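Some structures are shown below for you to check.
Here come two complexes built around chain A, the first alongside chain B, the second alongside chain C.
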Partner chain A sequence: NFMSPEGAAKKSGADQEEVEVKMEKTEAEAAFPPTFSVSEIKNKQRRHLMFMKLKQEKRKQKIQLKKKKKKEREALGDKAPPKEVPKTIENQRVYDETTVDPEDEEVRFDEGTDEFSAYFNGLTNPKVLITTSDRPRGRTVKFCEQLATVIPNAHVYYRRGLALKRIIPQCIARNFTYLMVINEDRKVPNGLVLCHLPDGPTAHFKVSSVRLRKEMKRRGKDPTEHFPEVILNNFSTRLGHSIGRLFAALFPQDPQFVGRQVATFHNQRDFIFFRFHRYIFKNEKKVGIQELGPRFTLKLRSLQKGTFDSKFGEYEWVLKRHEMDACRRKFQL
Partner chain B sequence: MCFSLCCVQVIWDIIGNTQFCSFKVKTKSQSFCRNEFNVTGLCNRSSCPLANSQYATVREDKGQCFLYMKVIERAAFPAKTWEKVKLSKNYEQALEQIDQNLLYWPRFIRHKCKQRFTKITQYLIRMRKLVLKRRRKLVPLSRKVERREKRKEEKALIAAQLDNAIEKELLERLKQGTYGDIYNFPVHAFDRALEQQEDEEEEEEEEEEEEEDVGQREYVEEELDESDLSDFEDMNKLRTSSDEEEEEEEEDEEDEEEEMEAETEAESKGRGSKGKSPANRSTPTRKKKRAFVEIEYEQETEPASKTRTT
Partner chain C sequence: MGDRSRLCSVWLGSETGILKGVSLSRKQAFNFCNMSHLSREQEVRALCWGDPAESELLVGSVDGSVKTFSVEKGSFTETRRCGDPADGCFSGLAVLSGSALVTCVESGTVRVWREDSGEPVTELHAGKNVSRMRQSPVHRHKVGTGGKENGLKIWDLEKPEQPVFTAKNLRDDWLDLRQPYWVRDLAFIPDSDRVVTCSGYHQVHVFDPSTPQRRPVLQLSFGEYPLTALSLAPGGNTVVVGNTHGQVAMLDLRTGLVCGALKGLSGGVRGLQCHPSQPVVASCGLDRFLRIHSLDDRRLQHKVYLKSRLNCLLLASRDPEDKGTVDGICQEVKEEDEEEDEVWDTMERVGDTGEQMKRKSTEEEEGEQQQKKKSKMKRKKGQD
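Showing the complex of A and B:
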C-alpha cells in the first residue's frame, strides 16, 4: 500500500490517478481497480515490485478459494458434488471422425477383404526380412539382431548396396511376408520402413529413443523362441486400425502362452511405443512384468498403398506438418 | 597488352615469383592457379595463361568439350583472344581434332590439352553412370521441429503409463480366459472380492457355518506360484505398482486390503503350509467351498504370521 500513491502518481492521466489513489486508500486489501495495469508503470523496479505483489495476491486468493471449497466439501460429506476431473490432452482430444466404432460393419467388411485378411484368416505365416540402409554401424546392426530375436521367424540380411525394388520380387519368391528396412543416420537407427509383401501397404516410421538390451535396467534373460503375445493399445481411428493390423501381422497368430512373453505397441498421442516384456501372474489380481528386449518409439510418417515405391507409389497418408501439427489436441492415429 | 617476348617475361617476373597474381593459391608444397583457362591447374611458367602469348586449353560446358586457343596475333583484341572449337563426341576423333588444330604448337601444350580432355571425358562418363544408379536422398531435419518432437515424445511417454497399461491388459486377458487352463486361479475369487465389499451381514452369518471346518485337514495342490517363483530370477526386484502399496501396508496394523491378504495367503500356501493353521483364522464367504485360496481377516495375531511369510 505504501507504493500505491507513488505508483499511481507515475502514471499518465492525472484524473484517473486521483480516483485510483482514493480507491486504493479506502480498500483494506491491495486490490487493484480494473483499469490499472501493472505494465503501465514506467519505472522498472517499481513495476517489478507491483507485479510481485499482484502475483502474491492472486496466489493468496487461489489458496483461500481452495480452502473454502474443501470446507464446503467436508461439510456436505456424502452429498458433495463429485470431484472435477482435471483436463488432460487425452480428455481434450479433438474428436476424429474416422474413429472406429467397434460395431462398424463397413470397417469390418474392409478388414475382411484387405491385404491382411490372408493373415488373419490363418492362411499365411509371417516371415520377416530385416535389413538396413547401406553400410550400417554397430548400433544398428545390434538393433537388427535384437529385433530378430523378438520377432519370431525373422531373418537379418546385409544390404550391400542392393536396390529395394529388386529385393522385393526376390522376397516374394521366397515367401517372405514382411520387409523391414532400418534406416541409419550418424550411427544411430532413425527410420523404419515396414513393407507388407505380397502387395501390401508400406509404412514409413521415424524411430527414436532406441534402447538396446544391455542398456535396459533390471532386465531379464534373453527372450526365448516362444511366440510372444501382442498387445495393441489405443489404435482408434481408421488409420490407427490399419497400422495396428500391420503390426499384428508381424507375429504368428497363435501365441505360446508357455513362453509368457508379450510385445506391446502402445499408441499415445501419435507416438507408438514398443516394449517387450516377460510377465508372471502372482495371483489373479497381480501380474509382474520384467522388461527384456529392445525398446523404441515410432512415429508414422507415411503410409503407401502398394509395396515400396518412392517415385510412383500411391500414398494413402502422409504426415503434413503444417496441417496436422498445428493443433495440439488433434491426433491422427 | 602486347605480348612480345620480353613483355611476357616481364609479366611472369611480376606475377610468377611474387604474390601479385590474383589467381595464385599458395600452399606449403605447391602453388595452384585458379584461372579458368589454365590447362594443368598449377602455377608454372609454362602453364600460366597470362604469361604465355600462345596458349590452348580444353574446357567442357554441359557435357560438350571445347578447345580454346590463344595466339599472339589477337593480343590486341581482348574480347576475341580465345578461339573456341567444338570437339567431336567420339574420343579418338576429338584427339585428332586437337592434334590438327594444335599442329606446330609446342609439345607441352598439345600433351597437356589431350590429358585434360581425357580426364574430362572420364568424369563425364562417371556422371552419366551415377545418374542411373540409386541415389541417396538427403532429407534435412529442422532443429526446432526435432526439439519439439522430442519433448512431445517425453510427455506422451509419461502420459502413457506403459507398465500400468500392460498389466491391466494382461489381467483383462486372464479374466476373459484367453489363457485357458494354464493358470489355476479360481475364477470366483474375483467376484468374491466384490461381494465382500458390499455385504458384511452375510459374511457374519456364514462365518458361523464354516467354523465347523476348523480343525479339519484338507490337502490342497501346490500353487503354481512356487515353481514360477523359483524360475524367476531377481524376483525381489520386480516392482509392480501394487508391490509398493503392499510394502506400505505391511507396516500398518490397521485394516488391510484383502488383496494383500490373498497374496500373503498364497505365498504361505506356496511355501508348503498346508491345511488349516491356528483356529483364529476365519474363512470368508464363498459360494462354493474351495480349498486352495483363503482370505484372512486381519486379527491381533496377524503380525506374527506375516513376519513368517515375508
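Showing the complex of A and C:
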C-alpha cells in the first residue's frame, strides 16, 4: 500500500489523472482536491524526492522545447519570425500620464518661467556651496572634496553646527545659486539636500553606493578645471523634468565644449546614477572612456517648493513608500 | 467654447494663470485662457462663484485684477482692478447680493467693491498677514478672516469698525509659553454660528461666537505638518483637512478622532472642497493632479492630470458626473431623428420595407437591441 501511490507518481509527473485515480482507491478520503500537488505528501524526504523529480521533468521539457524551436528557426532560415524580446520591468513600465510631451505649450511655459529660468536664459552662473551635517568624518570629507572638483565653481565649507535656515540668507547675499548638504550617518554619506537659491525648489535624496576615487579600478588622472558636459538620461515625467533641470543648473552652460569631461545622471527605475568620465574619440564611430571621479546613486525622497524648510514648507512630491510600492512597474521620475 | 464650459463640473485655477475646467463624465480637461498672453502675473489665487445660479466665475489673480468668466459663453467677460499687487495676493474673494464684490489681500485689507466705482465702498483692516477670508453661506454679509499670528475674526460688513467676534489664543502650555497659531483655512458650519479653522501648527479649532467663551470650544490635532486646506462634509459633523505633505484625512468634530485618510496625493494640498449634496470631495495641489474621492468608502473615483500646479478649486453644485444638461440631450435626439428622416426621404421606396425603415427611430432601435440582447441571453442559458 505504501508503494502504490509513490509508484504511480513515479511513472510520469504529467500523468495526473492516473495518480488521482490511484490515490482515490488507496486513500479513500471524502473530500478530494482535483489536482495533485507535491506539497500534499506529508513525508519530508519523499516530498523532496518528488519535487526534485518534478523540477527535472520541467527542465527536460523546457530544453526539448528550446531545441525544437531552434530547429524550426534554422529550417525556416530567412523566413523565421523575429526573436521575441524578453519582458523586463523597464519594458513593462506602466505608462505615466505625466510624461512630458515636447510640444506641449503649457508645460513649455511652465518650465520657461519657473525658478530655473534665470539659469536657462543665461542670466546667472552657478555657484555651489557644499557642506555636510555637523562633525563629518573621513569618507564624507573626501567625498565633498571630490565633488568640489567635479562641479565647477564649488566651495566646500565646514558646517560648524549652524542652522540651514540661517545659512540660506547669507548664501543668497553672497550670490550662491546652490546649497548642497551631504548628510552623514555612521561615517558614511547617506543623504543629500540640494537647495536652489534664491527661492528655488529643495530636493532631498538618499545617497547610496558611494565610491571614492581611490576605490575605482582603471581610473584616469584627476579631473581638470574644464567645465564638464552634462548628460541627463531618461527623465521623462514632469517630476523627472524638474529634477533633471535641478541637476543641469549645477553646471555652467557653455555650448563650445573645452575639455573632454562628461558628467552623467542616468535615471533608471527611479534611481539616479551619477558617473564622471573623460572621453576621447578614436575615430568617427569609436569612443574611449575612462572613469574618473566619484560615483554614487541617488533616490529622490522629496521635492519641496521654496528653500529648505522641512517643517512649514509645501512639498511638491513626497515619497510615500507604502502607497507607491503597490505596483512594481510604475515609476515616478 | 461655450459648450465646453457648460460641461465642466469642476473649475480650477493654476499657477500659470490658466483657468481649467474639468468634465468628469467625459474625463476631459479644458483650458480657458489666451495661450499667447500667459504670464506668472496672472497666477490665479482665488476663485468663487459670481452668482448663486453659478453661471459666472470670479477669478482673482496675483496682479490684483479680478476677472469674470461666464460659463455660458466660455470666455472672460470683464476685468476689474481690485487692489495693488504690493498689498499681497488675494486671500479671499466673495460676492455679496447686488453684484458687490468682497476682496481680501494678504496685508489684511478687506474691501467691498461696487460695479460702477473704482474705489472700494467699504474698507476694513483685519490685522496683518491674513491667509484666508471666507464668507458665511447663511449670512452673506458676515465674513471671517484669519492668518499668521492673526486670530479668527468675524466681521459684519455692514458695521465695519469692530469685528463681531475675535478669537482668543489658546491657554499657555504646560511650560507657560505662548502657543503660536496660524489660521490657514476656515469654514462656517451651516446650522449654527460656529466656525471651524485649521492651523499651520497641525491643529483644528472650533469656535462658537454665541457662547461667551472666546477660546476654541474644540481642539483637534492631525499629523505633524501644517494643515493648508479644510472643507466641511455635507453631514455637518465631519471635516476634511489636507496638509503640506499630501495627507488628507476626515476628522469627526464630535469625537475628535480621525475617521479615515484619503490616499493618493503626493504633494501639498492647496484646495479642498466637498460637494454640497454628494458624498464626494475634490482635492488639488502642487502635484498637478485633481483627485475626486468618495467620502463613504474613501476610494479614489477620478484622477485628472492638469499640467500646472493648482492653487484653488470650485465645485459646481450639480451632480459632478452628469453628462451635460437635459436640454442638450433632447436636442441631440431631435437632430438625429431629423437627419435620419432626410436620409430615408431621399431613398427610393421599395414597397413595405421603406415604411418599416422610416418608422425606426432611435428609441425603437434601442428597444430592438435590448430584445436582441435578451434573446441572446436566453439562447446562452439554453446551451448550458
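By definition in this document, the second predicted complex is superposed on the first by the 297 of 333 C-alpha atoms of A that agree within 3 Å, B and C clash if a C-alpha of one lies under 4 Å from a C-alpha of the other, contacts with A are read in each partner's own complex, and residues count from 1 in each chain.
Note that contacts are C-beta pairs under 8 Å (C-beta built on N, C-alpha and C of every residue); 3 or more make two chains touch, one makes a residue touch a chain.
Treat the numbers as computed from the prediction; the structure is a model and nothing was measured.
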Have a look at where A:286 lands relative to chain B and chain C in the superposition and call it first, second, both or neither.
first
Applying the document's definition of touch, where does A:262 land relative to chain B and chain C: first, second, both, or neither?
first
State whether A:113 touches chain B only (first), chain C only (second), both chains, or neither.
second
For A:323, select first, second, both or neither according to whether it touches chain B, chain C, the two together, or no partner.
second
With both complexes overlaid on chain A, does A:314 touch chain B (first), chain C (second), both or neither?
second
In the overlay, answer first, second, both or neither for which of chain B and chain C A:98 touches.
second
Residue contacts on chain A - larger count, chain B or chain C:
B
What part of chain A is shared between its chain B contacts and its chain C contacts?
none
Which residues, counting only chain B, touch chain A once they are in their complex?
134, 136, 145, 149-150, 152-153, 155-157, 159-160, 162-163, 165-167, 169-171, 173-175, 179-180, 182-183, 185-186, 189-190, 193, 225, 228, 232-235, 237-238, 240, 242-243, 259, 262-263, 266
Which positions of chain A touch chain C when the two form their complex?
97-98, 104-107, 109-110, 113, 238, 305, 311-318, 320, 323
Touching residues (chain side chain C, partner chain A) in the complex:
15-16, 18, 31, 35, 38-40, 200, 225-226, 228, 244-246, 263-264, 266-268, 270, 286-288, 305, 307-309
Residues on chain A engaged by chain B in the complex (per definition of touch)
88-90, 134, 163, 208-209, 218, 220-221, 229, 231, 233, 257-258, 262, 264, 266, 268-271, 273, 275, 277, 279-290, 297, 299, 321
